[in-house]
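As written, the chains take the letters A, B, C and D, and residue 1 is the first residue of each chain.
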């Protein structure tokens, strides 16, 4: 059956879930970042898919563009945090960094 | 536009003690600079106290000389608007009804002051400092405040002002009994008694009464008809007692809207009557008096018995009888019955007393019963007799309490059976006590008799037939009174001298200064009561005439 | 009744008052510094001075017309509307006689007291009280209005209280004094009610004042009299109720049947006191009062009957008790009660002047008897029991003679004063028609005669017991000093001569006394009826009374003359139990005292205790209960306030804390758990949105 | 089933597979490289969606920038030589459960909702259109994004500065 919007949505859903899974189950902060990146990509795929199949204009793609830019900024800051955390905690294990426990 | 100010003497009489009190307080405040320390401060307070009371007595004499007994009008008026919004006026005045009480207040106040000054005579207070040496400035300030309160109560002719002075009287008395009274003690049967207990009981009891008076005041204010303030501004309602009396006599309150379904004037009458009868004290409300007297220091008992009880009786005359004549007629027989109960019941209870002061307190209850009987009889003789009983009792009961004070200061006990044969050791004291007891039991030729016989003879002639029976019952009390007084003399003074009291010494000059003037007054009024009757007869006659003319239409 | 101003009238009561005040206030110092003579000099001078003034007043009175009175008004005492009484003295013929008796006998007794009380420490106090008593008695007698008389009336009661309990160190005397005063007060209460009734009955009849004159004018006016007689109070005739109430006052003062119990105990006082107060003056006040109100009493036969019968009963009752008393003063006390009974019998039947006449003669011989007894007591070193006396006639001749004269007088031997007055009484009683019971007079006469027999018997018994036979006492009795014997002799003579003032008309001799008092009792005269006794019956009665006197005398002489050492207590040891019971009953005064004590005194004490417990238990309990109840409620409010309201506030706080603690767990610090949270929330929202729409 | 569809499925499979590898791999380095596959897969998808400019930017920014950055991070923090570079995930079971539930939920949602699908036009270059859109319709977000980038830049620099001058 021809590739329609639904297919893209399913793929994006899969990407999103895998990303989420990574974030939840990984103990390494960097792995979590990777999960986040997967989630963001899923979102951008959806944007592009909708722009293509429903909006007939490039609005969706502009949003996706912004998504990418943001992802970059976010990754950069996140990694900076990870490095700072690594310097103070000597480890990137998420469980060790629970200083803010209540 | 009537009742314009004629003289400010009354204001001076009411507020001189207050000025004295303020002077003492100021001296207390600046005692550092004035170098008034300890003993000097006490003496200063005493001098100021005695000075202000002497001033009040002198003004009292001026008042007596200036007072025209013939007219029934109010004299020595000092009247100006005080709180305009509520038509409250500063209205002092004195007429036939209150002149005797004002003079009595001045006299007994002076005697009370003399009794609280420990000069002129030895005081045996080695183990417990005599009350007149403890915290003297405070005592003097409160004493003077009390005097202002009482004088104000008798002179005030504005209901609000009357109520204010009525409350002012309570507070100093509470402290005087509480602090300078007897220390707290637990009696044989475990009941806690003592100065503070008595003070609280007195204060709350009278306060409960004055709450009713407050309600009555407000009720009267809002049903009173149009009147004018002293500067002519017309008003819807009024606190002016004389206007209220005039309205009452024109039947305004008799026709007013009923309260809770009962006639207005009856409800207000009962409210006021209960408030005043607590002070009189009347039979069911009298139990505060013996406790207050037993635990109060001597001069306070003098003031309490001498004048404070009269405020209640005066209130009945000034408020219940003048403002609500119909209700007065309706309640006359009831009051008389309570009066008779007062007389006989208290006389019998006196027989069972072991404490001298309690005995005298109950005898006061019995004597004040005569006033009630006299008021209710509504005949000129009974009314004048009743007011005379108030004056006579106002002279005799201070004597009795001073006598109790003399023996208490020496022997530190008031248990009558504990004494015996004092006459041989204290002849002069026995003589003066004999005179006081005889006056109190109504021996002819002394002040007590004049009032009593007038009340008896006057009450006999009252329109209501039941009075004859009440008088006959009250005459029984005369016998019982004689019995318990003589029995007291017997147990205390006659018989062999109880060696325990061999060390007592006879009266000193302080006691003589206080007792002998009263003794002279008792004998004088016993043989020559006319000066007093000239003062009050016209007004009381007019009062009786107006009240009985209105008749019982409720 | 015209009034003649007599400016010195107030001096009569004033002198003794002055004496009393001076001795009272400064007596102790006077006695210490100037000795007892100064004290009694002043004290004696006063009554004699007032006697002198009384005599002059009496003289001026003699010059005036019958109804006139010497009057002086000092100052208005009461005046309220219609009700005014002045402090005024007036002496009409009746009070003139009384004043003379009082001042004369009083002065004599003052002289006597100097001897009797010679070694008494508080000598000045005795004379002060004695003078005070004279003042009170004179005010009573000279009092112009009911109230002024009442001043004297109670003043006398006070002085008798003071004098009876003069030796107060012994509480028995003090108790006797108290008893006297209280019993008098009971009488006075009756008097007051009577007075109130009288006043309010007369007020509508425009009574102007309370003086006897004004009351008499109003009552004697016929229209008023009829209205009074017809009106009733509590179902009893108004006038008779008033009179009976006044009579109650009289019984209190003059020790008649219901209220006589105080007189025998009053013997606890010094003998001159008994002589003056309980024989001559005070006790006669009741008779004077009834005589003074003759215009009232005459109106109601009921009241007169009551007075007469009570008098007769008292006479016979007291006389029987007197038979067996051993204390000489007790004998005389009961004899006084009995003689007073006679006086009231006389006054009760309307023979007022006879009552006053007997009052006068009684004053003389009873004072003489008492003073004689006093000198005997003094002689025997304060021994009052006759069983320890005897044979004193040789040792104390003057006392014995005067005592004998007085006994003859009281017994009613002819030509002695007692005979004239007592015989007249018995005749008037026999001959009266005023009593309710027509034959009543005869019955009362019989009682009177019996009492007369007993009187003469116990008087001579006392004479023989003390003066004849051997001396049974200890110590050596001696004759009293001259002041005592002088007074005794005067009184002895008077008790003989005193009667000649009122000789019976029967003997055709001028009866000055009746003539003198006749105008005073003129308003009651028309109402006094006689049962039409003839001269013959009068003669027979006179002989009968002589016989009575002789009978008593002989019986006493037979029983007690030359009393051997053991008093012949025949009656005591007599085998017949009934007689012994009678003797014990009479000796113990019919146990009246104990009855009164139990009935009235103890009952009123119990009542007062019950009322006091009621007062403390019930009323005070209620007051304190209000206190505790309000404290209880405030405690509840406090608890509510603390537990609930506060509880809620604290509850919220603890809620927050526990909530926080619970939520804290979620802050694990691990990021993934937060993401779980987010995811859980997101899914929940999606499901909810989907489920809802 | 046209060639394009088959190609699309392979590409989709590549993307999802590498994503799964990223999720499940033990070794952090392996997952980093797996991420590369995912990014290229997504770029391919963009091409299918005729979003050519987007595909290029994706490849450039994600692969060139973010992936390199992650690799750096992995290297810097991995403490090579740490034998047990265990990347053991914690709580595997709930994660899987959540994964399946999420996929089911989203896919179900995607399939069931009636998307207002309109037939897509021919694939046309979109760069010019995107440029116009950026500077006309989306100028505000464009400016904001630039500010954000600056802020991120500064933030990252301050975060990793050396300790001593703080």
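Please note the rule applied: a contact is a pair of C-beta atoms (placed from the backbone, for glycine too) under 8 Å apart; a residue touches a chain by one contact, two chains touch by 3 or more.
What you see is a predicted model; the values in this text were computed from it and never measured.
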What chains touch chain A and also chain C?
-> D
Judged by C-alpha centres, the chain sitting nearest the middle of the protein is B
Which chain's mean C-alpha position is the greatest distance from chain D's?
-> C
Contact tally winner between B-C and C-D is B-C
Computed distance of Cα centres, chain C from chain B, in Å = 34
Cα centre of chain C to Cα centre of chain D, whole Å, reads 133
Euclidean distance of C-alpha centroids - chain A vs chain B, Å | 98
Compute the distance, rounded to whole Å, between the mean C-alpha positions of chain A and chain D.
-> 6
Would you mind listing the residues of chain A that make contact with two or more other chains?
-> 20, 24-26, 95
Residues of chain C that touch two or more other chains: which are they?
-> 672, 676, 679
Check each residue of chain B and list the ones that touch at least two other chains.
-> none
Pairs of chains, among all present, that meet the touch criterion = A-C, A-D, B-C, C-D
Mind listing the chain C positions that touch chain A in their complex?
-> 663-672, 675-676, 679
Touching residues (chain side chain D, partner chain C) in the complex | 90-91, 94, 98, 101-102, 105, 109
What residues of chain B sit close enough to touch chain C in their complex?
-> 201, 204-205, 284, 286-288, 345, 348-353, 380-381, 384-385, 421, 423-424, 427, 431, 438, 443-445, 449-450, 453-454, 456-458, 460-461, 468, 471-472, 475-476, 478-480, 482-484, 486-487, 489-490, 493-497, 527-530, 533, 537, 541
Using the touch rule from the top, collect the residues of chain D that touch chain A in their complex.
-> 1-2, 4-5, 8, 12, 15-16, 19-20, 22-23, 28, 31-32, 35, 38-39, 42, 45-46, 48-51, 53-54, 57-58, 61-62, 65-66, 69-70, 72-74, 76-77, 87-92, 94-96, 98-100, 102-103, 106-107, 110-111, 115-118, 120-121, 126, 129-130, 133-134, 137-138, 141, 145, 148-149, 152-153, 155-157, 159-160, 163
Interface with chain D, chain C side, in the complex: residues 672, 676, 679, 683, 686
